[in-house]
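Should a chain be cited, it is by its letter among A, B, C and D, assigned in written order, with residues numbered from 1 in that chain.
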Amino acid sequence: MLITSATIYPEELKKNLIDRGAGAYVSFEGWIRDQNDGQEVLRLEYEVYEPVAVAEGKKVIAGAMQKFPLLHVNCVHRSGLLEIGDCAVWVGVTSAHRDEAFSACRYIIDQVKVRLPIWKKEHYVAGHSDWVNCERCATHDHQHPQASVS
Amino acid sequence: MLITSATIYPEELKKNLIDRGAGAYVSFEGWIRDQNDGQEVLRLEYEVYEPVAVAEGKKVIAGAMQKFPLLHVNCVHRSGLLEIGDCAVWVGVTSAHRDEAFSACRYIIDQVKVRLPIWKKEHYVAGHSDWVNCERCATHDHQHPQASVS
Amino acid sequence: MKKNITVRYFAGFREHAGVSEEEVSLAVSNAGDVFERLKHRHGSEEPLGHCKVAVNDEMADWDAVVNDGDTVLLFPPVAGG
Amino acid sequence: MKKNITVRYFAGFREHAGVSEEEVSLAVSNAGDVFERLKHRHGSEEPLGHCKVAVNDEMADWDAVVNDGDTVLLFPPVAGG
């Protein structure tokens, strides 16, 4: 599991999954789309809390290796500013047969999306921006009250 | 759908599936394993009847495009002699969301394996060779009777 | 009435027949008949359902009618991927 | 009894609070208490179940005990991938 602010090169990452016993390689790439929920997206900003994201990602991968008879697995997730078409996340799996490679790849991306502390802010063509999944926690006209906690 | 005797380069093929509306890219690669059914494999030979394989492959892809909301799809299958680790088949799918990309990629490789006129002969380390899936149709000590059909 | 048919053998069938293609003259009505009548050529003991057939480069069912001048392609069990 | 806690805010929570981290002194027993007591800071109207929490860089349940000196990380609904 790796979090990186640099471009993801799946073909390079795939090399680490090569195995003479591998009959199947399944990969997933999440790309930045030009729209979401009917709004035109200009670019995307990923915020990642890396220490916990890496630890959770490793747990997801370990869980997949336990559930399915896999040979090699890896997952890389971007942080920072991404443009339309950029690869935000890559998951690669090799195994002897295709059934477990498909199942595990799907399992990993599903888990990564709900378990890792990663947030994306969509910047729209129309000018505003929003944290995805979080309609009620980031108001556009929010204020910054001074801490008055006791 | 393409049948080729040349090396498959998935990263090049992926470029044709790029789309600003694509949020998901799922790919499958079938690699030559070093063993099958407990026998050590030395290399593999694919025989493809290209006219029908291409036509059937196109039908499989058209079927997938009808079943799932996809953006782009392609499939390339090797013919000829392949070594351990070589990529024998590649399927790539892009779509807005990951669910249909996974389902379609799986659907396509499953259909390709059972519908296209492609056969593989495994050459074993032990010296003999066998057509896969065809225990009862290719005997090792077969004879070649002269045609006496009327 | 006999029909002149071009038969093509693939993979294990071709190896058994020792030729990839031959002209035959057979009294047959459908593709399944061709398969059965040419068992001594393709050598298959597989049930019909495991094999496939194409007539004139179109995938066909085993009960597809075969006409004089047709090309019948006999496919052993496939194993792509 | 009040506990000295370091709180870290992420994404929308950080933007609402205007700081990514602050020291607070709260009479709380678990992580859920911290979330509720700091609503005016992170501004979330999301139910607890939509958000996540880590204590000292370990993912935790909302009923995880928070001790004096702990760091509590408040995570808005995640959206990786």
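Keep this in mind: contacts are C-beta pairs under 8 Å (C-beta built on N, C-alpha and C of every residue); 3 or more make two chains touch, one makes a residue touch a chain.
Values in this document were obtained by computation on a predicted structure and should not be read as measured data.
Student: Following contacts chain by chain, what is the lowest number of steps it takes to reach subunit D starting at subunit A?
Tutor: So the least number of steps between the two chains is 1.
Student: Could you put a whole-Å number on the gap between the CA centroids of subunit B and subunit D?
Tutor: 51
Student: Taking each chain's centre as the mean position of its Cα atoms, how many Å separate subunit C from subunit D?
Tutor: 72
Student: Between subunit A and subunit B, tell me the centre distance in angstrom, where each centre is the average of that chain's C-alpha atoms.
Tutor: Measuring from centre to centre gives 29 Å for this pair.
Student: Using the touch rule from the top of the page, what residues of subunit A touch 2 or more other chains?
Tutor: Residues 30, 98, 109 of subunit A each touch two or more of the other chains.
Student: Would you pick out the residues of subunit D that each touch at least 2 other chains?
Tutor: 81
Student: Please list, in label order, each pair of chains that touches.
Tutor: A-B, A-D, B-C
Student: Under the stated contact criterion, what part of subunit B meets subunit A in this complex?
Tutor: 10-11, 18, 20-35, 84-85, 94, 96, 98, 101-102, 105-106, 109
Student: Give the list of subunit B residues in touch with subunit C in this complex.
Tutor: So the residues of subunit B in touch with subunit C come to 30, 46-47, 49, 51-53, 55-56, 77, 88-89, 109, 112-121, 131-134, 136-139, 142, 144-145, 147, 149-150.
Student: For subunit D, which residues are in contact with subunit A within the complex?
Tutor: Counting only subunit D, the residues touching subunit A are 10-13, 15-19, 22, 24-26, 37-38, 40-46, 51-52, 54, 57-59, 73, 75-81.
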